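In what comes next, chain A is part of two complexes: it sits with chain B in the first one and with chain C in the second one.
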Partner chain A sequence: MYRIKEKIYKGIFSFLAFASLIFLVGITTTLFLEGLPVFKEVGFFDFIFGKSWYPTYEPPEFGILPLILGSLWVTFGAVLFCVPIGVGSALFINELASKRVKAVLKPIIEILAGIPSIVYGFFGMVIVAPFIQRLLGLPVGLTAFTGSLMLGIMATPTVCSISEDALSFVPRSFREASLAVGANRWQTLTKVIFPAAASGISTSIILGMSRAVGETMTVLMVTGGAAVIPHTFFQPVRPMTSTIAAEMGEAVMGGTHYNSLFAIGLILFLITLVFNVIAELISRRFRKKLGLGR
Partner chain B sequence: MKKQLSQNMGFGFLFLCIGTALFFLGSIIYFIAIRGFRILSWDFITQVPREAMTAGGVAPAIVGTLYLTMGAIIVALPLGVACAIYLTEYSPKSFVVNIIRMSINNLAGVPSVVFGLFGLAIFVKLFGFGVSILAGCCTLGILVLPQIISASQEALLAVPQSYREASLALGATHWQTIRSTVLPAALPGILTGVILSIGRVAGETAPILFTAATFYTRGYPSSIFSEVMALPYHIYALMTEGTHPQEQTQIAYGCALILLALVLAISAAAIIIRQRHRKSYEQ
Partner chain C sequence: MTKSKLGLTVLAALLCVGMIFTVPTFAAKNLTIKGSTTVLPISQACAEAFMNMHSDVNISVQGGGSGVGIASLIDGTCDIADASRPIKDKEVAKAKENGIEAYENVVALDGIAVIVHPSNPVDALSLDQIKKIYTGEISNWKDVGGKNMKITIISRDSASGTFETFNDLALDDEKVRPDALLQASNQAVAQTVSRTNGAIGYVGLGYLSSSVKGVAVDGVEPTNENVVNGSYKLARKLFMYTDGAPQGLVKAFIDYVMSEEGQELVEKTGYIPLK
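This part shows the complex of A and B:
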């Protein structure tokens, strides 16, 4: 009697455990089914490398190169901002902060990581964009630069807390050995602890990038939304995510425009998938190297 | 000498980094708090919008956000806890388990707007829920599933092995051990995970853009098949639609403050509970 019951429970749990896999497969299938017609109608190369995105013109043009470049520029700018500041903050918390300061800073950083993206977008739109416009004398404040800045600020807590985790995994003996041979704290930090944690820190950078590429509301509100190939940081761009968010409402269900938005989603999904797999592989090697098991 | 100098410069740089990070994040909170407080009042929280979104309150948006958040947790919690139980209590180390682990990690990295597309194609269109609370809850539920799984897993792993052994030694079966010993001990940890994910769901906008949210409803939602107003979407809509940008911006400040206060309070509470709980294990 008990044995049957046990088996039933185990069966239920193992079935439910597959939910994530089912959803992931479901997402992939949906994106392929709804997105693939575009590759047939527009052509794979014309879609990916086409230089103009005019989905509502007659005849419509579906080239997403400007959107891909928009995403890349904004993400690149965000990384330039959030990596030094996030990793620097993590080093500060790990090395310089006293126990008490650390006990306050770590939860604060974690709480800040939870600020919703819409708040960053709103703040960027009403405060930062006008400020940048005045400061640099630009025609508009909603530019790739503004987007990069907001995304960078947004990703900083994530980069910081994952890097800090990686740093705290470095065994104490590393530090003690380095100090014992006469290195000072800065040398120990840059030549021993940082290299030991480097692969863990690079995971944080990749995850930060993945977050920046996939971020929607912030870029939708602050990058200005012009679907042109960007030449400088100080002009409006239209990243992939914001294109989907802004145009899905007006796209006719089942039409080419609708399908092309799903195809953009598919490309976005594949990009973040690659980022996540890389991050996963690196963090596995990092754990093995420091003998952390699992 | 040179060694000392480089150390001072290096530490100065680190100080600058954390200072910059805290300055930017602090100024976001400061500006929104200061300007949001101007418009905040009892009526703002409890009244429906009036005069084409330029007056009145945002109560339906607050209520809508609460519905969506609760619904998402109801969808994700049983699935997430069951999955975590399987992975920590039952799982044989096998190929299948590795695949489940990988899919959880990858699901966690999917951009939120892609969840929106999935929700639109599956829940709104295929299942015929329409743009509704139900579709929004399902989409948001899938979005937080990975977070709930990993929080529950962490909580289950933190339960000492001796608890399980003691229970099994008394003759309890595997399931009885899980139900009466492991789960109660892990409950506080699971709850903090849930509270943290509430904070995340409440602020998500992109997944509900095409699945649940609308700019204006006359009153409160009447069933799970009706469209809702939601705080994060309302901020976006106030800034991009409508005809009275100036008044709308003021209201958006109010919404942003309410949302920010809600999310920060929720996650701060969860983090404080977690720290207390961790300490109690250590003793």
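This part shows the complex of A and C:
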């Protein structure tokens, strides 16, 4: 009886564990099946490197270079905001903050992660965009910069909490050894702790980037949505995610436009996959370096 | 043994009862509506309300565009074709070949207001000026009688019905300049225009509000009355085409759309009722 019960439980849990695999296979297959026809119809290079996105005109043009650049532009902009804030607050929490400050600060930063993206979008559209517009005298406040700022704030908790974990994984003996040979606190931090945690911190940045590149609602609301190749941070852009969100509802099912939106999703998926693989590789190296095994 | 027999009998009885009840559902009346994404919200809203009143009717509403809708009517794969443009002579001829007589029902009007920031002194534009602004020929307000200020162009996503209407009526299907800001909804366009001094945008007439200024087009103010009397140019009729004059269920549905209740739904979805 006991044996059978155990087997049943094992079966249930292994099914649950493999469920994610089923979803992954299903989603990937759909992306490939629906996306690939575009490469045949439009041509791989014309699709990826085409400069105009006019999917509903006659004849239509399916060039997603402006969309790819829009996404990357906004993502790298977000890194400029989330890395100093995220890594800075991780260092503060781990090195300088007293226990009480730490107990307050950490949950507060994590609450940021719980705010729905549409709230960020709304806040960005109604408050931040007009502010930036007035501050910099721009013709319109919905720009790549506004998107970067909002995404930067959104990615901060990811960067901060993973960096903080990395810092706290640095063994106590490293710090003690450094102080014992006469290094001061600053030297210990910059020469010993930080290098030891560096690959963990890099992982956090890459995961923050993959969070930013896949974000949809916020960028749809604050980046303006002009499908042009961006030349400055202060002009509207149209990231890949918001293109899919804005156009999927109205694209004719099975048409080239519909398929091309799946193909954009496919490319987005490959980009985040690369980010995640890099993050995984770096964090493996990190664990080895600190002698944490595996 | 006896228990399982009893079970079987009960099951059989249940099946019989079930069949009696399911038979009328099989004979339920189906209606397929297909076509223009512009008319889609009207069909959708009316279909939902209609199905609530008649539980035995099943209406399926699909988009695809005016051309697709009319083609389906010709093929006989839909009962009502939604269209945001009149049927073409070629399509009428093709329908006749298939023994189908396309019958025109005007169900609503669609108007688009061109909007600017309230502080903008420009309050009238010609259709030609609007086209030149959107295609990039004019890029400063001083060229249309305003201040020396760059024009920020706000458009709708090119897949939306409002864009389709505007593109058709104002731009003659020419391309909007690529650096135009594309917004995902009428509200988002109005919101952006209300916060941008040099902006121009367009929204369905139902979305005009006091936070933006609707400009007169070719000297005619964007009001529902001017659309109904035909003097406002950025407006068009919305159609539901049927095979011959509507009969039976099709007639009941079209009559509902034309009824006071149906026309209220038309207004609610952002279009202009016929009266």
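Simple rule for what comes next: the second predicted complex is superposed on the first by the 278 of 294 C-alpha atoms of A that agree within 3 Å, B and C clash if a C-alpha of one lies under 4 Å from a C-alpha of the other, contacts with A are read in each partner's own complex, and residues count from 1 in each chain.
Note that in this section contacts are C-beta pairs under 8 Å (C-beta built on N, C-alpha and C of every residue); 3 or more make two chains touch, one makes a residue touch a chain.
Small disclaimer: the values here were computed from a predicted structure and weren't measured.
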| item | value |
| --- | --- |
| Contacts of A:Ile278 with chain B and chain C, given as first, second, both or neither | neither |
| Which superposed partner A:Glu215 touches (first chain B, second chain C, both, neither) | first |
| Chain B versus chain C as contact partner of A:Val140, first or second or both or neither | second |
| Touched partner set for A:Ile153, first chain B, second chain C, both or neither | first |
| When both partners are placed on the shared chain, which of chain B and chain C touches more of chain A | B |
| Contacts of A:Glu58 with chain B and chain C, given as first, second, both or neither | second |
| Those residues of chain A which chain B touches in one complex and chain C touches in the other | 125-126, 220-221, 245, 249 |
| Residues of chain B that touch chain A when the two form their complex | 3-4, 6-7, 10-11, 13-18, 20-22, 24-25, 28, 31-32, 78-79, 82-83, 85-87, 89-91, 99-100, 102-118, 120-122, 125, 142, 145-146, 149, 173-175, 196, 199-200, 202-206, 209-210, 232-233, 235-236, 239-240, 249, 252-253, 256, 259-260, 263-264, 267-268, 271-272, 275 |
| Residue ranges of chain A touching chain B (in the complex, touch as defined) | 2, 5-6, 9-10, 12-14, 16-21, 23-24, 26-27, 30-31, 33-34, 84-89, 91-93, 95-96, 105, 107-112, 114-123, 125-127, 153, 156-157, 160, 184-187, 189-190, 207, 210, 213-217, 220-221, 241, 244-245, 248-249, 253, 261-262, 265, 268-269, 272-273, 275-277, 280 |
| Touching residues (chain side chain A, partner chain C) in the complex | 52-58, 66, 125-126, 129-130, 133, 139-142, 220-221, 224-228, 235-236, 238, 242, 245-247, 249-252, 257 |
| Parts of chain C lying in touch with chain A, wherever the complex brings them together | 37, 63-65, 68, 150, 152, 157-161, 163-164, 173, 175, 178-184, 188, 191-192, 195-199 |
